[in-house]
Amino acid sequence: MTETLLEVNDLNVAFRLASANLTVSSDVSFSVDRGKVLGLIGESGSGKTVTSKAILRLLPKNASLEANAIRFKGRDISTLTEAEFNRLRGTELAMIFQDPVGSFNPVKTIGWHFRTVGKLHRGAGAPRGEIMKEAKEVLAKADIADPENALRKYPHQMSGGMLQRCLIALVMFSKPSLIVADEPTTNLDNLVERQILDLFDKLRRETDASFIFITHDMTIAEMISDSVIVMYAGQIVEQGPTEALMRRPQHPYTQGLVRTARELEGEVETLTEISGEIGTGVHPENRCRFAPRCPLYETACDHAIALRPVEGHGLVRCIKAGQGAANEVTP
Amino acid sequence: MSGLLDFDDVVVTFAASAGMMSRLRGRTTSFNAVDHVSLSVARGEILGIVGESGSGKTTICKAALGLHSVAGGAVTLDGKPARLSDGTLQMVFQDPLSSLNPRQTIAEAIAIPLRLHGHAGRGNMAEAIDALLKDVGLGAQFRNRFPHELSGGQLQRAAIARALATNPRVLFADEAVSKLDVSVRAQILNLLKRLRDSHDLTIVFVTHDLHVARFLCDRIAIMYFGKLLEFGPTRAVYADPKHPYTQELLGTLDHERKSVASTRDVFNPLTDDRRACRYLNRCPHAMAACAERHPDFRGTGPGHATACYLYEEAET
Amino acid sequence: MKLKHFLHNRTALAGLTITTLFLLAVFFGPMLSKWSSNQHDFMNALQPPSWAHPFGTDSLGRDVITRVLEGARISLLISVAGVFAAMVFGITAGLYSGFHGGWMDVIVMRVVDLLFAFPAFVLALFLMVALGYGVTNVALAIMLVYLPIFARITRNMTETVRNDAYVQAAQVMGQGTPRILFREILPNISAPILVQATIAVAFGIVIESGLSFIGLGVQPPTPSLGVIMADGQEYFRRSPWVLTLSGLSVTVALLGLNLLGDGIRDLSDPRLKVRE
């Protein structure tokens, strides 16, 4: 029985700069079901981080956010006041950042962080013993070998991997319904990265929390997510169930990414290149933003392209989508 | 051992910052970031040095380039010590933006090494620069641009062009594609392969990305906390990794296989026994011999060797 | 820093304007005046401001405004000379020190610390006593006061950029150390040094004025702001315009230069650097 936990409709995010307004994310609509993981894939300039921060209202002051609706558990949270939203954030909605070091107060112990969060969410009178007991439980669930000891340590005394585990534990401690993880493994060494990914996998199976997992790595997204959104230059270019998207990507950009990932996993002499690079500066409104790099470009692409449903796949922003064998990428 | 570039029992020492009190108490304050590593790079090959953070993979390259002083052993090119003034060794860095002087145009950045090594003079400077730009796939319009005006891939190409300006024999690439967008990585990787052929280059590619290493490198060397643990032809090592660490590392590529959340810590350079095998703490096959002395290399196939007591010492 | 940005920043613009006007006044003013700064006119001593003498005359009948402008120029030149020398030696010491670290760094920085230990004016005074009075020695004193500051700023900045990839790339390329220091590193750390230079020139004027005021610097009849102020101070009750005007010109110089320095510092704020 899938229940829609989060529904975002027509989200647009822009920054007010000295010279002009810069739109960094436009027309973003998606939903996340309870207990599911949505992979959000994009490179620099895609708008992936901005979109997720927008949902959690973590954007800087000069950002403007417009949306038709952002519904969480059925309620439109885009119209909540700051105070009301603050009650949601940290308890129901949580975020895990790329660099765990920045998420901890360097002069306080891990235990202090748990106590602070515990008191915040359960009231100042909550019994300390209970908080600490639960903290140890959640740390153990996050595969920390000696939770008692970990609580006494300071952030700088821990390795990157351990600290990321503590952060995940701290986030899970509040039992949020939706967790946004922004490239949580990018800075970690190979072995640790794998362990953290396995931890995420375990959490998704054992709790019914939903995740939005932001990454630039196709392989990770494939491993961990149920459905995927691919963003490019501030727009969603393809979205749909993971398996279908990875097996037969419809948008040329997605195809390029998947192809590169597959080629690197296999054995080839030369990699297929996606030509060019994302431009810096304002993106054109009235044409496909991927056009300068697209091998399938034609003049018909020079107008605003909408997302259309493609049978068996999801939504794709390309006029060529759903047109047959050209889109097959061997797994 | 006589490749083009030889690392002969190289040792690089780092001082760990420790207060006077711990020094008085006899705690070790220095450790070997590169610990007696011998490796030979053949002419024209692309050698991958793979490892995680703290492995010493970047340090050993910087030692070859003279950016770190070598405390023991030697790095030689064609049997002789390489000098930076020769331009024979060059490097491409991880972050292309910070590897270019923000106040110099691309043309200036390339002109400096050209002029310094006498490869171009006032008369033919412009042509020389354009030729290098063309080699890396940049058009002439990039000559007068500043680094902050270029995108990541363009910057890395410019950095490669600058490195090629000294006509190097060996090019070190330190995580040269890690900071680039995924969609751009293929371009740079293909470029490096092409340049190896067109410019008669030998490339030493340092990375922690196992897929990239497999695509690009002919041979691969695995480092762990300063020690070389295994080396061999890429295909052989990936197909049949011998050292338990290599097995664990390559195991991360297999999505079906679950990781072993080891509760034991990795090697601590300041406190753990340096004579023992580096991987002792985490190795599932640890034996008594491993705690006494770090194993020597033993051959396990053509050109493939590993430092592990699990394998028989052959008379190579 | 782009010129366009510079002109938009109000602080920098104000600073630049004031400083430019000041410079124009002190370099061209005396030439345009019909009086010479040493022209005595005892009959008209201590006259209040009039059409002939916009700021009156001093105790020897000399035209105040001409004298002040020329004095300001001399004070400025002495300060600039001292600061320039401080920059040459201080920046060089700082660059080498920050780049090589080790013993050189330790020794240079201890010398710098030693110089810092003395308040600026005390150090300057000590030097004048040791070396004797005169214009060159004042400049030397100013140099000694500011050398440690430039050395320290440069050394700290050099340490920060020393491990940046472009510096390492320059080393790998085979560039010699002096080239790396002056052509690669220095241009990239110049902003705080320039800011410091404007402040140093401003306060160099103050030091010079102070020393000349007590008779250890420029000797009368050569005007310098300090000399004029010493004069004006004696007759302040009767004719305050001498002291006022000379004091005012010090203020204007300081203001202009400080604003200019502030402006340069604002503009080199890395947060303003937008990637196009």
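Per-chain numbering from 1; labels A, B and C assigned in written order.
We take it that a contact is a pair of C-beta atoms (placed from the backbone, for glycine too) under 8 Å apart; a residue touches a chain by one contact, two chains touch by 3 or more.
Every value quoted in this text rests on a predicted model; they were computed, and no experiment measured them.
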{"item": "Chain pair with the greatest number of C-beta contact pairs", "value": "A-B"}
{"item": "Most distant chain from chain B by Cα centroid", "value": "C"}
{"item": "Most centrally placed chain, judged by C-alpha centres", "value": "B"}
{"item": "Centroid spacing, where centroids are CA-atom means, of chain A and chain B in whole angstrom", "value": "32"}
{"item": "Separation of chain A from chain C, taking each centre as the mean of its C-alpha atoms, in whole Å", "value": "55"}
{"item": "Cα-centroid distance, chain B relative to chain C, in whole angstrom", "value": "50"}
{"item": "Chain B, residues touching no fewer than two other chains", "value": "none"}
{"item": "Set of chain A residues in contact with two or more other chains", "value": "280"}
{"item": "Chain C residues counted as touching two or more neighbouring chains", "value": "275-276"}
{"item": "Complex contacts: residues of chain A adjacent to chain B", "value": "43-44, 143, 145, 159, 189-191, 193-195, 198, 216-219, 223, 253, 256-257, 260-261, 263-265, 267-268, 270-275, 277-280, 293"}
{"item": "In the complex, chain C residues that touch chain B", "value": "164-166, 168-175, 184, 187-188, 273, 275-276"}
{"item": "Contacting residues of chain B [partner chain C, same complex]", "value": "62, 65-67, 83-87, 89-91, 93-95, 98-103, 112-113, 116-117, 148-149, 159, 162, 166"}
{"item": "Complex interface listing, chain B residues touching chain A", "value": "52-53, 151-154, 181-187, 189-190, 193, 208, 210-212, 214-215, 235, 248-249, 251-253, 255, 258-259, 261, 263, 266"}
